[in-house]
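For clarity, chains are labelled A, B, C, D and E in written order, and residue numbers in each chain start from 1.
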Amino acid sequence: MKLTQRVKKILSWYESDCPGTKANLARILMQGRLGGSGKLVILPVDQGFEHGPARSFAPNPPAYDPHYHFQLAVDAGLSAYASVLGMLEAGADTFAGQIPLILKVNSANSLQGAKDQAVTASVQDALRLGCSAIGFTIYPGSDDAYAMMEEIREMAEEAKACGLAVVVWSYPRGGKLSKDGETAIDVTAYAAHMAALLGAHIIKVKPPTAFIEHEAKKVYEKQKIDVGTLAARILHVMQASFNGRRIVVFSGGAAKETAGILDEIRALRDGGANGSIIGRNTFQRPREEALKLLDEVIKIYQGKA
Amino acid sequence: MKLTQRVKKILSWYESDCPGTKANLARILMQGRLGGSGKLVILPVDQGFEHGPARSFAPNPPAYDPHYHFQLAVDAGLSAYASVLGMLEAGADTFAGQIPLILKVNSANSLQGAKDQAVTASVQDALRLGCSAIGFTIYPGSDDAYAMMEEIREMAEEAKACGLAVVVWSYPRGGKLSKDGETAIDVTAYAAHMAALLGAHIIKVKPPTAFIEHEAKKVYEKQKIDVGTLAARILHVMQASFNGRRIVVFSGGAAKETAGILDEIRALRDGGANGSIIGRNTFQRPREEALKLLDEVIKIYQGKA
Amino acid sequence: MKLTQRVKKILSWYESDCPGTKANLARILMQGRLGGSGKLVILPVDQGFEHGPARSFAPNPPAYDPHYHFQLAVDAGLSAYASVLGMLEAGADTFAGQIPLILKVNSANSLQGAKDQAVTASVQDALRLGCSAIGFTIYPGSDDAYAMMEEIREMAEEAKACGLAVVVWSYPRGGKLSKDGETAIDVTAYAAHMAALLGAHIIKVKPPTAFIEHEAKKVYEKQKIDVGTLAARILHVMQASFNGRRIVVFSGGAAKETAGILDEIRALRDGGANGSIIGRNTFQRPREEALKLLDEVIKIYQGKA
Amino acid sequence: MKLTQRVKKILSWYESDCPGTKANLARILMQGRLGGSGKLVILPVDQGFEHGPARSFAPNPPAYDPHYHFQLAVDAGLSAYASVLGMLEAGADTFAGQIPLILKVNSANSLQGAKDQAVTASVQDALRLGCSAIGFTIYPGSDDAYAMMEEIREMAEEAKACGLAVVVWSYPRGGKLSKDGETAIDVTAYAAHMAALLGAHIIKVKPPTAFIEHEAKKVYEKQKIDVGTLAARILHVMQASFNGRRIVVFSGGAAKETAGILDEIRALRDGGANGSIIGRNTFQRPREEALKLLDEVIKIYQGKA
Amino acid sequence: MKLTQRVKKILSWYESDCPGTKANLARILMQGRLGGSGKLVILPVDQGFEHGPARSFAPNPPAYDPHYHFQLAVDAGLSAYASVLGMLEAGADTFAGQIPLILKVNSANSLQGAKDQAVTASVQDALRLGCSAIGFTIYPGSDDAYAMMEEIREMAEEAKACGLAVVVWSYPRGGKLSKDGETAIDVTAYAAHMAALLGAHIIKVKPPTAFIEHEAKKVYEKQKIDVGTLAARILHVMQASFNGRRIVVFSGGAAKETAGILDEIRALRDGGANGSIIGRNTFQRPREEALKLLDEVIKIYQGKA
């Protein structure tokens, strides 16, 4: 596999990593229809854990089958497939070598009230399943945030020593954060920055709103940071992610109609995002509709739409 | 031992497991009168820990003796015998090689108020006692659920690396769950799904009622998921268990009269359950009655009743 | 040392244990005047930790000296001497090979309010001091019971792997238990059963009263379990201890007058107890009186009184 | 590199350390424009974690780029650059060998309420990134202070065994401390002393005020300890740091105007401080202004201003 | 070094210890002017941690320097010098081989409210600094007492395996203890006894008052235990310490005038104490006064005053 200049450039940002980790990042960046472009679209399926099987898969029953998602990610020409232990165990052998895998190593569920997650898989699991990366969620602001940071610190160190890449889902919530604050532009930029400081190779945050949580407000005003459009806000998040030296992908959020999704993707692209991680909006639609949607998303990142 | 096509098919679902673990699953699936059929009936004796010796064994005093249960499971032609450390230590040598053993590695007792269990045995114990699997209970919804999930994650990883299978008892309770919610169809399906996501090879849940806990209710209505009969509900639980790619067995619950038990077993079979795990309804009856009941249960799973 | 048939029989109950552990059980069972009979009397000296030195030893000042207790156990022809780390360190070399030692590895003290104990010694300590067993107290029912069970699980596994035996003091208290419930027959039988399930080789409980804690009451009535005499209750406790497949010894409790003690011992013997573990009633008397009392106790177990 | 007499003298204070640790201390002490003088100025960039990216870097946007800070520290002729994991990972290879690095291994963030920090990097991380030291913050007085001390104890032992130096940020706060007490002279001297007792090679505290927290007040009065000027207070802090046998540097605190900074630096120098650790006052200014300020600071420590 | 009969006798009490530990006990017992007599005087300097540098050292400023204390202990002909990590690191090389060192491995500070201590050094630290023993404080009665006991259990096991001796500071406080109870004779005897049970070689307690905390009161009255004079109370504490089979030293407490100190030392001697551990009363005086005081103390233990 011959790397493109763009991918070589991106790999150069990860200057302290071992060749094994760079090779796994390269696998993700060279995979699928966006391979080589420096852009990426990832299919994440952790909704079953988070919201239960019926809320996740009943809208499109074939998605109850773990193989469905592997095949969808392969057929849509995506960059990687991210899921939890059982889901990957049930298909990793059948689809070995077909698409890079990201093992989500901690998980929450909606029966629990705590703003925390359980560690549900290990770096060793990622290695035996042939994954390219581990994925970990932190909840900055929650009472358990420091404990979660210490968990990912330990797992990230182990992953890097084993040549794996590290993806951090950085979702502020809990503690003294307001509900609006969870997706506020200042908080989202802070969340992305902390993921970078914790040593993440790929950062996942939610598209931020123009709301600003109090503490940082006067800085945003004084420094005239543009938060007026989604594209401007994305630009700010990328800046907060080591001035673009880290890959940042944005989640799609709750299922919504197609036009809204595509408009959002365009703004992400215009703001310089590295890509998207889209779950419910794909696997909850019939397969053909999902493939069509992903085709349009990819075209946007290719600059063709 | 020549495997049947059905057992080979089932083993193929566990595509990421090592040969040792597959061999242990095969031992359970090929054992006893249901051997080779893909169905299984397991004898579990953890009632002594959960409810004390008198409430468990006084109705049938020979059952105070650990050897009684090994012999019952062997004579009834069951698939496996599951119990806690002391019970297996007291008979594992005498009955070595006669029936696959499942070591229940955590236990609750009725003197304690916490919705938690103590880890009371290890993977190493399972190995030295010649067991085929470890068994572990999680209480989704309880305040300790994340801690329990982290315990089974660690023990399951160790068990799989040692060639053992992993059985998860997934019993929702505590936290914000209502009493009815503990056996609600949506919660039971969610509980089975989480056990699968945690990497269980065999999942044990309770037969669900038609009750639906609030959050998922509108999905069940909108998607017209059939929960009207026990068989329909079992079908839904199997779907939630990786669309049937995981073995799911259902508990018998509190002791009741024979006709009720057999009707329930028929519904389990009709819904596609892999089998039953029946404790109090067998060892609390005189041995001959228990053997007769188990004979009828097995015949139902054989399609002969 | 040639084992008696009775001791061979008892060892056969511990069928999953390694030869090292069986040899240590045999050492205890073959020691002293009851050696070979399957009965045993153990001297425990953990009162200094539990109640302080003055309350323990001032009634008989020579007992302040750790050597005193070793010598007493040897001279009385007892089966074993059980004590805490410092006490054994202070005499293990002088009395090496003279009497089997049980290292009590956790301890409470009366300055503390918590219904818990501190782990105060290790399996490694037991090995370096030449002990035959470790001893551990659990408090079923207390808020810390699960944590205590997890501690003994871990230490018992290590002890068994090193060829040591495991003695569990199972003393219900705390949580929702009433004061009377702590020695209720149903709770005591449950406590003994749990110790057996946790893998104890020797179980120590208190002689139970006829009181029945609520939950199990209807079972005792329905099954007509005889709890009318101490002997009948002991029989029930032995039944709850794997139908007699585990060694169970009973504590002597608070210091009392001689006739009362001997009557209780007779009831223990008649109920099938394996023996007694008597501390305060011996070391708080002048040495000659203690030797005389122990002589009478032994004669009762020998069937001579 | 030939060491100066002054540096040799300083190294002699660390008489129990291995040659590896002394070599790393020497690297810091011999680096930059103050190299060899026994004085040092360190650039710390952990503000992104503590206050978020916008509050830290928006005043001088080039500072969003991790490389910016390495280059600033090199170009200003500083003694070392201290930052958190992600920041060092992003530049350690490009700037390898150009300036000694201090890996800050724990971090707080302003979304959290707890007076604690998360461990966010390891000694192993420091080694693989080619660092000369680890940095760790303790909050004496906070509810988590003992836990933080136990963390640095463990990490310091590991660091010293690997030939790294240990820098402790000792910032009293929380518990029963008043707000004024956090920078009180008695509390600051105590904080520096505890860092020394914990085995720190380099201690970082804030410049103390003349306020005295109650408990020690009568001692200060009776012993007539001079706390009237900043220089006198610095002298007292140095005395509390093993009578000058430990390197102590003082933080610059919140951004302020140039004259105020330089006056403070002069007082630090006059009091015998080993140097300064200046973050926000440098990287939040345009690069040329920052270089000019640092030039003046260095001249003060050189005795030229 | 030829041991005296008295020292050989004392070593014989530690019959379970390895030669390495006995050699370190011998080093302490043979050191200084009391060498060989079975008596010892130790200089402890942990006041800086406990009360801060100014309250500890401002009364005698040369004591800010760690070397001061080593030299004082050597020049006074003491038996050992006990201090915390940083203090020993700063002088262990200069004074190597001149006086036995005891590394205090846990420490409290007066900014903290919790009745606990942080572990601030390790057995490995003690070994690399050439120490003869570790020192550890427990607070019997406090909410954290069991946790502290578990810490010293683990560290003592490691220390003994490495040939070090173990010194336990046993200071009752917290929980349900009254303020007077902290130094009550029954509580002090209990504290010394627990230190012995935990495996301490040398026990440090405070000189007890005649006050008796309630629970044990009737035993003291019934058994007519003499607590009327300090000498009688010391005798009782020695009895509680394995009837004199353990070395017990008594602290000097708060700084006071000379006559009072010497009277107390005489009572300690008359009661059979092994010696004293005197900190503030020595290093807070001018060096010449301290040497004079220590000379008188030593003469008392020599029976010359």
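FYI, contacts are C-beta pairs under 8 Å (C-beta built on N, C-alpha and C of every residue); 3 or more make two chains touch, one makes a residue touch a chain.
All values reported here derive from a predicted model rather than from experimental measurement.
Chemist: Tell me which chains count as touching both subunit B and subunit E.
Modeler: In this structure, the chains that contact subunit E and also subunit B are C.
Chemist: If each hop has to land on a touching chain, what is the smallest number of hops from subunit C to subunit E?
Modeler: 1
Chemist: Return the distance between the CA-based centres of subunit A and subunit B, expressed in whole Å.
Modeler: Inter-chain centre distance comes to 36 Å.
Chemist: Return the distance between the CA-based centres of subunit A and subunit E, expressed in whole Å.
Modeler: Between these chains, centre-to-centre, one finds 58 Å.
Chemist: Would you please write down the residue numbers of subunit A that are in contact with two or more other chains?
Modeler: Subunit A, residues with two or more chain partners: not present.
Chemist: What graph shape do the protein chains here make by touch: line, ring, star, complete or other?
Modeler: Graph shape, chains as nodes and touching pairs as edges: a ring.
Chemist: Start at subunit C, step over to subunit E, and keep going round the ring; give me the chains in the order you meet them.
Modeler: Listed round the ring from subunit C, with subunit E adjacent next, the chains are C, E, D, A, B.
Chemist: What residues on subunit B touch subunit C, complex-wise?
Modeler: 48-49, 52-55, 58-59, 61, 64-66, 84-94, 107, 109-114, 116-122, 124-125, 128-129
Chemist: Where on subunit E is subunit C touching in the complex?
Modeler: 13-17, 140-141, 143, 145-147, 149-150, 153-154, 157, 161, 172, 175-177, 186-187, 189-190, 193-194, 196-200, 215-216, 219-220, 223, 225, 236, 239-240, 242-243, 245-246
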